[in-house]
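For reference, the structures are reproduced in the following blocks.
Common to both upcoming complexes is chain A, partnered first by chain B, then by chain C.
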Partner chain A sequence: MVLNPQQEEFRERVALRQEGGVTAGAPVRQTSLWKDAWHRYRANKAALIAAALFIVLLLYVTLAPILSPYDPYAVDFAQAYLPISWSHPLGTDQYGRDLFTRVALGGRVSIGIGFAATIAIMGIGIVYGSVSGFLGGRVDNALMRFLDALYGLPYLPFAIIVTQLFQTVNFWVMVIALTIASWFTAARVVRGQIMSLKENDYVRAAHAVGARWYRVLGRHLLPNTLGVLIVFVFLELPGVILGEAFLSFIGLGINPPQASWGSLAQDGRDVYLSHPSMILIPSIAIAWLILCAFFIADGLRDALDPRTRET
Partner chain B sequence: MALLEVRDLRTYFATREGDVKAVDGVSFDVESGKTLSIVGESGCGKSVTALSIMGLIPKPPARIVSGSISFEGKDLTELKESELENLRGNEIAMIFQDPMTSLNPTLTIGTQITESLRRHLGLSSEEAKKRAVELLEEVRIPRAQNRLNDYPHRYSGGMRQRVMIAIALSCNPKLLIADEPTTALDVTVQAGVLDLLEELREEHQMAIILITHDMGVVAEAADDVVVMYAGQVVEQASALELFDNPEHPYTEALLGALPSLEGESGRQARLISIPGRPPDLLDPPSACRFAPRCPYANLEDYCTVEQPELRELRPGHWVRSAHPAGERAAVTV
Partner chain C sequence: MTKFVIRRLLWTIPVLLLVILFTFLMMRQIKGNPFRKSERAVPAAIQANLDRKFHLKDPWYEQYANYVKGVFSADLGPSLVLRNQSVNDIVRSHFPISLELGFYAFLFAIVVGIPLGMISALRANKPTDYLAMLVANAGFAVPSFLVATLLIYYFAVKWDVGVPTSGWRTWQSKILPSIALGFFPMAYFARLVRGTMLETLQQDYVRTARAKGLRWRRVVGLHVLRNSLIPVVTAAGPLLGAVITGSFIIETIFAIPGIGRYYVSSVSARDYSVTMGLTILYAVIVIIGNLVVDILYGFLDPRTREART
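Now for the complex of A and B:
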């Protein structure tokens, strides 16, 4: 009798089992949703490159000021407007400060404000939206009509008013200014997610084992919105960073001598004909960050959406 | 006193056009350790009855208008939400129709089994995990220890339903409500799940309310049967009695609509369907709700004007019809 390889393999397995060795069947490969998500994210080359470039940018803004031999705030007019060279990779500004160091410091401020404001927006949005969506009925109606009224408020004038209310504009004032009229969409997104998720059978099943409301909301509903929220963070981030850059560019941003990419671009505006690199470099940095964020958001959306699961 | 006594339960859904009377005066008893099956077609109020017992009807729009649900002497309709929460999953557990959507995709199987254990029995995380493995073994999930940290998408439909059963059993409930537990499963898997339920019922001495539209499932598992039609109980008897002597024309028609595999005539014959549709529960007729589809009702009968009461034809066999099979024969002969 001739056995084909498949039959032989089966025979071996049966023999093994009868000896009391291995249990039947192939071993179960342990995996998790996050591993699957990473697997899918990796397949998206553009998102992968964007993530790498994003990490390079983060490394630059954290490490460059530490390693730099120059004092970012020391004024030395003899060194003003130096061109790009080995000792000054991005040249110097009108006060003779090294731009390679200044742009990194500005990046810390821009990215820091961007993330802090985005997290604040998400925080308010999650609390407001999940309460509204989870309770439903009259509470939801009241909260949503209030939100509709707020929606009419333009975001920039509000941000400008906030910056004017404080004596000095520091990091946290900028965060408040950028958050105050920007969290409405986040609240709506979260509410919509909660509304549709709470109709799921597993939510009813959770109620059926006697879970209390905070457990249902915190353990069964919010983790299911996580994928959407992570994508939303990377979609929201560019808007917030642009807003910060815009406010700084028109002179309403963080106070000097601290700088952000927006105020660095503002410095370069006066000399854009004679020293174009001064406005180009912060602009490229802003564009770099925003493009990375968009591509990462795109990759994450595909990776975290269970409907695109094909592994 | 029975474990669960439902008396004249009325659950209405408020809509723009008025109240939809989904459950309209339902009464039945569930004895401890017995299986009661509730049968009926879609929309007859089986599930709403179950959800009313659990206190899980969506309020609003639904509300319990009147009636009582007495569980071990406590009226569940009068308990506060927090008291109901302590009961749910602990004394009364429920499994749902679709195992594919009844487990949370973002939590591991282990987390979902231990949820109820930690909530009601106050077990520590370690103890709960040990108990969860035992439960999974009890519902015959192979290599339970290894599969505790798996997410639900790695489980098949039948395995998920067995996980749901494990969750329901975790606190040794006195009453298990199974809302069409086998409808979403393959026939072979169905039989396995029903056998498992039957075995666990004996082991744990719990009562089961088995909601189904499948007479085959009733035959497999039920001690007593309640047949529902348009929000009302139309016939109630022990399973044997019901299959031997169906009295209500609706029950007869349900049994007649089953395919038969035996006999040449059975294989040749077409399936008999029931003409017409159930009445609109927004404004149900004052007459017998089955009258428009009943082959025996005619205009001279009182049942086309007013509703027949539920009456006891034989000890333990109740029927709501002016033309039960037993009386029909007597008249025509």
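Now for the complex of A and C:
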């Protein structure tokens, strides 16, 4: 029996209504889910503070370079190594450039790389993981064996090799390298989610009333993995940010005068004995971001996925 | 169980072959000439000879087959840049140093991290717990290059307690790099142990043991600790791999002649054979780490044997 799309949707709605699920076209439930999540998130004080500090950091990196009167690339040795003051809140570096402006610029690059790579990782993970988990059987087996092999690749060395495939290392090369070196876990997480959701009655019901595969996947499976994926974004972010910092620090990533938190730390490395603040400041920025991401992930896990609550 | 171990062991062979293939194909795509020392181009005749000597113009599958043969007979080929040195020479003289550094770092992580997590769980939500978790969270978030720099700044320079700032000869010189490298896994273990121990402490068998009058110390040592350490074992394999393969930051800062530094310099010098050989060595470490964990896990938790083959 071939059903047209309207019939298909109708049957599905009937099936859903019969099992006591969502009534057709009722968005009220949807909002209450997020309201509910926000309510649980708000209860976690550490996560709330972390979210606030995260927003402060984002505002700083977006606004500081715009509002700053200093040129972040202009070299002026007369202004070198100025201490912390009102006109230079974080002092100046060995070339006389204002660090408050440069750390913000570096933050744009580091956070940008972090989010871009994390989103790419999620994208690949969703496609790979849902194909594997949804089809199951032989395809799943083959895809997972392939993933096992990739797990044998060492993270940072592998990322370094990928960067070398390009003439110069810039923002997007870093994103590509860090993505290729670390998408495996995301694929596994998505696959695991799909596998466990697949067995639910509402998915079987959708199949039974003749819903097409893309409908089952897009309507029933993927939306239910959303919570886990949002948490995963914040769990993945620290690894990517640190990866960028490490590669840039040893000179194989973003290179000076281009600022990133890693390359700023590299600037500070040569003078840490006389001016320790130059390596300290970008490192604190990194730690700030990682701790925020960490507590936000913690709060989001409680808020979005109460069943897998950790003690 | 034997069947599981054998199957798991055999499975590492195709994994290794695939890893070598990835590395191999990627290295072929990298532009740049390792023989070009200065701005001048290498004369065509010399380039042709070099290509012949290192089999650079053979079809890729032949090169791959040769390379795989080499890897399985423990020969990683010659270095393209360092004269008269083979990759094996580099591994032989510098890998033990990286291994030693990784070992001490891991030792530090276990000896400090596990007790820290235990104390934290037993004194949950008390000042001791907060202090321990502050240390652990700091270790989690602060990049290792800062940990290393701070250690040098305070212990070697400011207070000058008799530890050198660089090198890898005397035992004093090994302390700071090991701590710097072990700081992250230490924090990881502390958090992990705290989490699992808090969970175990709420189990019924712990209450039963308490109820029948077993001393608290014995309950913790016998029941709680044992069950809390399973996740630590699982995490230890990949983490050990990450510590050894991620040591080049620490090796660069402390000027330690381990393979991490050679890795970085081989990448900049376009010394493909060294980069490739060391990548494969790193991969072998990671694969062995995963293998040991899977097998140990099979022993510790029989339920996973079927699922993990």
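By our rule, the second predicted complex is superposed on the first by the 274 of 311 C-alpha atoms of A that agree within 3 Å, B and C clash if a C-alpha of one lies under 4 Å from a C-alpha of the other, contacts with A are read in each partner's own complex, and residues count from 1 in each chain.
Please note the rule applied: a residue touches a chain if its C-beta (ideal position, glycine included) is under 8 Å from a C-beta of that chain, and two chains touch if they have at least 3 such contacts.
Fair warning: this is a prediction, and the values are worked out from it, not measured in the lab.
> Do chain B and chain C fit side by side on chain A after the overlay, or clash?
Chain B/chain C on chain A - fit side by side.
> With both complexes overlaid on chain A, does A:R212 touch chain B (first), chain C (second), both or neither?
First partner only.
> As a test of reading the superposition: which chain, chain B or chain C, is in touch with more residues of chain A?
C
> Using the touch definition from the top, say if A:D201 reaches chain B (first), chain C (second), both or neither.
first
> With both complexes overlaid on chain A, what's the closest CA-to-CA approach of chain B to chain C, in Å?
Superposed on chain A, the two chains' closest C-alpha atoms are separated by 15 Å.
> Per the definitions at the top, what is the overlap between the chain A residues touching chain B and those touching chain C?
None.
> Contact residues on chain B for chain A in the complex?
Residues 54, 56, 60, 85-90, 93-94, 96-98, 101-107, 115-116, 119-120, 142-143, 146-147, 149-151, 154, 164, 167-168 of chain B touch chain A in their complex.
> What does chain C use to touch chain A in their complex?
Contact set of chain C toward chain A: 11, 14-16, 18-19, 22-23, 26-27, 29-31, 137-138, 140-146, 149, 152-153, 157, 195, 198-199, 202, 241-242, 245-246, 248-249, 252-253, 263-264, 267-268, 275, 278-279, 282-283, 285-287, 290.
> If you look only at chain A, which of its residues touch chain C in the complex?
145-146, 148-158, 160-162, 164-165, 167, 238, 242, 245-246, 249-252, 265, 269, 272-273, 276, 279-280, 283, 286-288, 290-291, 294, 310-311
> Which stretch or stretches of chain A touch chain B in the complex?
Per the touch definition, chain A meets chain B at residues 23, 28, 30-33, 137, 200-202, 204-212, 215, 219-220, 223-224, 226, 306.
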